[in-house]
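Look at the two complexes coming up: chain A is in both, with chain B in one and chain C in the other.
Presenting the complex of A and B:
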């Protein structure tokens, strides 16, 4: 596993795909729509941030269950650092969403509570903040790893419920929620998908790259104190 | 490592140039879009800025990677 953290090919792929996202995302023809105008391009930049958060947390959850199965501290380190990067992506998602919503939905101050999906994402993020608080409050390494691994399973399920289930049951401005048509209705000839899916992959790989550095730093910290992972 | 940087720079150059060739603008809908701005070519200034920022961030990440490599080697040699 450590060897994969050092390989270069997937980092190069992240570079290529991210450059493609940001150049093609700015330059390709997009559907002309009222209200959205050019901000429809934010589909390439704002939405993948959230997708990446969900994906990184999913991988984190997988490593948490791997820890519970095998009891190796390295798995717990991977799970923690992935969650850390995911929360950063979540915060970026809030900031970009606030800016976008300000100009298209016209909601300046009450944006957090105006939309079920935003509130759901906020609660989901708070659940993961609690994950780090929980980790910080248990000094024993094995106990911390086991408790937080179990917690992260509950946290992920709650996150999915808050972001994907509840907004569909109630009212939301986000496409595909609360009776709104999904985004495919804005993108009738599917050209936007050509940038959107690579964008998700590019963001995800970049997130993994940053996480890999945090993981290596953490392992170095342990090895400095003669604890072999 | 030098070959890696060379490859990285050629990738940046290719991605910067290729969308220019692919750009064929058609103003069809009623909603106002930034077609005029793009036909003036000014959007490429923005894209250039984005590419420079991304390049800087990537070089930063690569440098951190190399520093980590060095630290890991040092600890390997010690133990």
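Presenting the complex of A and C:
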């Protein structure tokens, strides 16, 4: 695993894809949609950021499960650092979303507490901040790893249920909810897809890259204190 | 001994230990009384929506205090002894069932105090009572599991609240939605979907807890 973290090709790919999505995202012709207009470009930034958060948390969850199965601290380190990066992406998702909502849903922010998807995202961030506080209050490494793995699996699975199931049952301003059609069915044309999918991939790779740096730093910290990982 | 016998014994032990520590349950009752009186004296008169929302908030905070202690009050030594006697799944399940019963009792007392001090505006009592039952189940299941997690860390009382509130936020939202619909007229038909959804969610929480709890108690 460590060897893979040090290879360069996927980092180069991340840089190239990021450059591509940022230039193309700003420059390509987008379809003129009612209300959305040019803000539809935010699709290349807001949506991939959320996808990245969910994906990073999913990988973090897998590592938490691996920790519970095999009990190696290295798995726990990976899970924690991925969650950290995911929270940063979550905050970015909020900021880009606020910007978008400001221009399309009105600028009073009254939609902030009315929308179930925003509630789901907010709960997600709360859960992971609580996860870090839980980690902070257990001094022993083994115990901390075990308890926080249990919490993160418990909370993440429930979070997924909330984010992907509840909004479909209730009204939401987001596409794909409460009778609103999903974005892809009519708003996206094929050129936008050519930017959107690479963007998701680019952000995910960037997230993994940042996490890999944090993981290596954490491993060094453990080695320095002679903790067997 | 077979599982059902162990389960009944565990449940009996929960009731007995609550009965012998009467100060704990009296503390919770006093807490509940204080919250309801606080609401009654600060609002004086409430409109229906405020009545309902404040009721659920009172229930939520009572259950943090009532249920969250379930793993915190037991000494570590006694917990280890319990684990040698019964399967971990049975222990968490018995806690959840016991806490559901406790929450039902506390919710009924809360409702009684509430009705005496602020009146009773609910038109569709059946929907409201089902919501109370489902709420008791969700709160008991979530807080039992989370208090098992928080009990392993320091400053567990605060931790229980911050670890469980994000999980209970959507549950509260659905509960309040059901109850608000129950306020003006009969609404069992409209509420059926939300109720089923909440029931499924409760089953989900219990199953997750059964899978994950065995990893918690081993030290």
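Rule of thumb we're sticking to: the second predicted complex is superposed on the first by the 221 of 229 C-alpha atoms of A that agree within 3 Å, B and C clash if a C-alpha of one lies under 4 Å from a C-alpha of the other, contacts with A are read in each partner's own complex, and residues count from 1 in each chain.
Definition applied: a residue touches a chain if its C-beta (ideal position, glycine included) is under 8 Å from a C-beta of that chain, and two chains touch if they have at least 3 such contacts.
Source: prediction; values computed, not measured.
**Q** Judging by the criteria at the top, classify the pair chain B and chain C on chain A as clash or fit.
**A** Superposition check on chain A shows chain B and chain C fit without a clash.
**Q** Would you sort A:151 into first (chain B), second (chain C), both or neither based on which partner it touches?
**A** So A:151 only meets chain C here.
**Q** Contacts for A:222 in the overlay, against chain B (first) and chain C (second): which applies, first, second, both or neither?
**A** neither
**Q** Does chain B (first) or chain C (second) touch A:105, or do both, or does neither?
**A** A:105: touches no partner chain.
**Q** Where does A:94 make contact in the superposed view: on chain B (first), on chain C (second), on both, or on neither?
**A** neither
**Q** Return first, second, both or neither, reflecting whether A:29 touches chain B, chain C, both chains, or no partner chain.
**A** first
**Q** Go through the superposed model and pick first if A:12 touches only chain B, second if only chain C, both, or neither.
**A** first
**Q** Touching A:197 in the superposition: chain B (first), chain C (second), both, neither?
**A** neither
**Q** Just chain B (first), just chain C (second), both, or neither: which does A:68 touch?
**A** Once the two structures are laid over each other on A, A:68 reaches chain C alone.
**Q** So if I take every C-alpha atom in chain B and every one in chain C after superposing, what is the smallest distance between them in Å?
**A** 31
**Q** Which of the residues in chain C come into contact with chain A in the complex?
**A** 145-146, 149-150, 152-155, 159, 162-163, 165-167, 169-170, 173-174, 193-194, 197, 201, 204-205, 208-209, 212, 215-216, 218-219
**Q** Flag every residue of chain A that touches chain B in the complex, lowest number first.
**A** My answer: residues 6, 8, 11-12, 15-16, 18-20, 22-24, 26-34, 37-38, 209-210, 213, 216-217, 220, 223-224, 226.
**Q** For chain B, which residues count as touching chain A in their complex?
**A** Listed in rising order, the residues are 4, 7-8, 11-12, 15-16, 18-20, 22-26, 28-34, 38, 43, 46-47, 50-51, 54, 58, 61-62, 64-65, 68-69, 71-72, 75, 79.
**Q** Quick check on the complex: what are the chain A residues that touch chain C?
**A** Touching chain C: residues 68, 119-120, 123, 126-127, 130, 133-134, 137-139, 143, 146-147, 149-151, 153-155, 157-158, 161-162, 165-166, 169 of chain A.
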